[in-house]
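Chain IDs A, B, C, D, E and F follow the sequence of writing; residue 1 opens each chain.
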Amino acid sequence: MSEPESDPDASLESQPDLADDAMHRFPVPEFENLPDDLQERIADETDRAGFTPNVFSAMAYKPSHFRAFFAYHDALVEDTALEREEIEMIVVAVSGVNHCYYCNVAHGALVRIYADDPQLADQLVANYRTADINDAHRTMLDVAVKLTERPTEVEESDLAALRDAGFSEEAIWDVAAVTAFYNLSNRLAMFADMRPNDEFHTLGRE
Amino acid sequence: MSEPESDPDASLESQPDLADDAMHRFPVPEFENLPDDLQERIADETDRAGFTPNVFSAMAYKPSHFRAFFAYHDALVEDTALEREEIEMIVVAVSGVNHCYYCNVAHGALVRIYADDPQLADQLVANYRTADINDAHRTMLDVAVKLTERPTEVEESDLAALRDAGFSEEAIWDVAAVTAFYNLSNRLAMFADMRPNDEFHTLGRE
Amino acid sequence: MSEPESDPDASLESQPDLADDAMHRFPVPEFENLPDDLQERIADETDRAGFTPNVFSAMAYKPSHFRAFFAYHDALVEDTALEREEIEMIVVAVSGVNHCYYCNVAHGALVRIYADDPQLADQLVANYRTADINDAHRTMLDVAVKLTERPTEVEESDLAALRDAGFSEEAIWDVAAVTAFYNLSNRLAMFADMRPNDEFHTLGRE
Amino acid sequence: MSEPESDPDASLESQPDLADDAMHRFPVPEFENLPDDLQERIADETDRAGFTPNVFSAMAYKPSHFRAFFAYHDALVEDTALEREEIEMIVVAVSGVNHCYYCNVAHGALVRIYADDPQLADQLVANYRTADINDAHRTMLDVAVKLTERPTEVEESDLAALRDAGFSEEAIWDVAAVTAFYNLSNRLAMFADMRPNDEFHTLGRE
Amino acid sequence: MSEPESDPDASLESQPDLADDAMHRFPVPEFENLPDDLQERIADETDRAGFTPNVFSAMAYKPSHFRAFFAYHDALVEDTALEREEIEMIVVAVSGVNHCYYCNVAHGALVRIYADDPQLADQLVANYRTADINDAHRTMLDVAVKLTERPTEVEESDLAALRDAGFSEEAIWDVAAVTAFYNLSNRLAMFADMRPNDEFHTLGRE
Amino acid sequence: MSEPESDPDASLESQPDLADDAMHRFPVPEFENLPDDLQERIADETDRAGFTPNVFSAMAYKPSHFRAFFAYHDALVEDTALEREEIEMIVVAVSGVNHCYYCNVAHGALVRIYADDPQLADQLVANYRTADINDAHRTMLDVAVKLTERPTEVEESDLAALRDAGFSEEAIWDVAAVTAFYNLSNRLAMFADMRPNDEFHTLGRE
């Protein structure tokens, strides 16, 4: 559909190879058949990570959803009152209670890197209540997990607890937005049976 | 930030008024303070519906999220192998089990309109298993509700059941994508305590 | 069995017609075959409502249960320390968590009428915690929903909370009695797959 | 309020003494202050059992509810397509999953007596799936417990299973009716903290 | 394998007879085929109780597990900061929420005997929250049941509550150890479908 | 209490150092204050692993429980019809649903080593249903997780499924025994807040 035409040789050299087994329940498309903007985004991510994270290969199954998914993701991490480390802590705590293999492992690596803590991801996957985190982050994860598991029970008092813990109004919104997005993301990844790249299992563990 | 400058009088006349009580837990911004693209989208929606659906007023709290949220929504309804009526059925069944007041009522109206059935929304909010729907839609909602409530238990057999019911591979992906998105949407709406416009309670009931 | 013999013409004119589809899983009897006391009660209800609520048609399947069910219902609404509006609020909050289609819709109409509030039923079906109700009613519904979902956890402190909210001892008993009865009623209606009359979907919405 | 006037001496001799601790959360009235019909029913029950079952003392707190409750109970056991033993099996299986102390113990005694089996009640309180019952009763309790715990999931196939197990249409209705009534009864007893008489713990155990 | 050789006649007389139906899902071995140490322990228990508790017959299926199971059990009751009555209260409350027939009945008897209370077991099987126990034991069972049902939610505050109720650090550990062991024991008994001896149903009830 | 007296210098050199933070909620004893048999076991384990696994340091809090716990563990891994790899798969799947941080990580390392698979542990912690395992192991984990989460629902058909998958009667017992023991172990570790050694996070990942 899209064609990366200029300088095909260079392009051939650097072309990411989307893993066939990035997910088990839908076919992964060929990189060269993807629209230009997807190719570009995937190439960038591959450059940055040193490998193509499988969520990009999987979401490429449907380009319109690829665009929407990563645009939302980008908004959450680029326009935020939270630290990136906080975002990844929420993602892993939420994915842990939802039991999402892809997100536990891929965002587990990100938690290890952004929080510079080789054990935190395994703690959050198991039980954020006994993770080595400060009180503000405990409150943050209390709310994120409650919104995930028992959203009817979220009340004004939960927002007040976040306020008391020092979160701004925008940061409180962002806690909810990240939580909500990974309730989407976990379900997509689990439905498609997305598989984390081998690299994610070990990144940031040393 | 953005300024709708040309023909201010006309603009003043037609300017939507964002309801202060579109949500209870975050402030609703003033329409005239919104970036151009949000103003434009809200004006369009207001024209189409005859009123400004409160989700637009609420999401305007954070423009970057407004854009991401509605871009995802638009991708789901515009590039899809599902009928719009099927999308709205999924939304209401998912929102019913998640107990989301805003989505039950606003998408309940859409189900009534798109399915041309004044009772279907109330059926789906209560229990899709006893709704007046065909067998293929029953299978579709079985999977959507399972992915919502017990995502770890979704297996290849669930996709096979959708295939047997006549859904294409892309339609199966779309069932999951709509389900996943409304697991995001329900949680955002419940966290912010979004309130459906009065109009949604009665639209499509006659 | 019973025969309304005097003035057959008049009787023919006014005889309610029990809807064949008042429930899906048991046959609905013919009005003229019902015992006199059931005919009388149904005729009265039909006069009052302008239509025969399907619960009367459905319960007529077994006259001894019809009598017991409505006698209990009548005791709950006629000899009570609660306002009728409060009773219907409990019914809809309980039916919402139990996901009873018939009761959500039929008692939803009653909540709208008795509370004179066109949105309250939809709020209570979704989540009583974000309904527009006063603090005493919030406490009342906290207890009703707890007794419905987690009855082992009801303790003296729940009764104390009702007392503090201004409920008399008899009113506290009545909160429990209404809650308990609709845990019966929801289950009967769901088992028989009772269907609310079309009228209930719109009553009290204007 | 009501006065049992004729032959006061005889009446004084035989008057049941309602146990003060029949329930912990509401006061138990004095027998002599009860309306005639309640006195008569309680006297009859006391004669039959050799003691006054505490549910009569407790329900006497509100005579209109006493009448409705026992009228419903009587309809269920007197006009039924089920054996009394089957009714009590349903009651104990339902009360076991609802964790109702009063009903476990009082109806446990009735199961032992009607089924002439000193262990069956303890089996049903714990787990009907491993109780010593025949296949038809297993199906009966599968449906009763499903209707208790997950009523949204009851479907036509559950009624078909009962039909295949030999239950008539009326018997199927009765299974649901008994189950529904004890979902009421369990909640009333748990809310009021009704206490079974000492006698019930041992009746039928020898 | 092991042979009790001296005075075979006497030995034949006193040899316990392991009930064939001590459990339903695995074969019960013959007493005379058991290793000496198991024979000795079973003979001792039979002497003490007057009958062979079925858990000994059942666990004898695999002698290495028999030894480990009873050694752990013995450590819990012999080296403890808890009263034996407290241990049995924990066992029955835990078994009640886990719905273990064998443990409800066998340890129900032990609760009646050690607490010298003929009703306490039936109370604990149903709902420890309404059992006739003191405040310290209420706290003890709150923690035991939480550790059983929602172990992720156990926090330092639960240990603090036990401390405030007068439990020593060792006693707090013991509360957890007993709870944990019966989460093992309940699952083994339920998996093998162990059946309590008739005697346990009535022991301590008079 | 016990004193390792001969050759104190040698002993001083090789003495394991029990980590103070092996658990957060009880004090970890000093190695030199432990009874001889505990010292010996801990020294052996330390030699084997190259570090002292924290469960040994933690369980040493109460020597009688240390002995019982590891004797049971040893029986499960030494006298078994299962492969060690199968045992560790059960442990991690069970610990994953119970959300036990210690067991996820420590036995996660053992799964990686015994199954010679660097990703299997992360898969099992998240969701055994999408782990890369054969059909027999899928059945094995279906039963282990059911016995963990919903033990009342385990039935003869579950044992039959294991038989059909090729498990012997003894192996079926062992599946249940391992599952049951880690329902104990998870709860002890979670109650005491045991912390896995740093080494376990990375062992077997390369």
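Please note the rule applied: contacts are C-beta pairs under 8 Å (C-beta built on N, C-alpha and C of every residue); 3 or more make two chains touch, one makes a residue touch a chain.
Owing to the predicted nature of the structure, the values given are computational and were not obtained by experimental measurement.
Think of each touching pair as a link: the shortest run of links from chain B to chain C has 1 of them. When the partners of chain A are compared with those of chain E, the chains appearing in both lists are C, F.
Two copies of one chain, chain C and chain D, form a contact in which over half of the residue numbers belong to both partners.
Rotation relating chain D to chain F, from a C-alpha superposition: 120°, rounded in steps of 5.
Farthest from chain C, judged by the mean position of CA atoms in each chain, is F. Computed from the mean C-alpha positions, the centre of chain D lies at a distance of 31 Å from the centre of chain E. Centre to centre, using the average C-alpha position, chain C and chain F are separated by 54 Å. Work out the mean CA point of chain E and of chain F, and you get 23 Å between them. Separating the CA-averaged centres of chain B and chain F is a span of 47 Å.
Contacts with at least two other chains are made by residues 99-100, 127, 152, 190 of chain C.
Chain pairs that touch one another are A-B, A-C, A-E, A-F, B-C, B-D, B-F, C-D, C-E, D-E, D-F, E-F. Those residues of chain D lying in contact with chain B across their complex are 152-153, 155.
Listed in rising order, the residues of chain B touching chain C in the complex are 24, 96, 99-101, 104-105, 118-119, 122-123, 125-127, 130, 190, 193, 196, 198, 201-202, 205-206. Across the complex, chain C is touched by residues 25-27, 61-62, 64-65, 67-69, 71-72, 74-76, 78-79, 98-100, 147-148, 151-152, 154, 156, 159, 169-170, 173, 176-177, 179-181, 183-188, 190-192 of chain D. On the chain E side of its complex with chain C, the touching residues are 127, 129.
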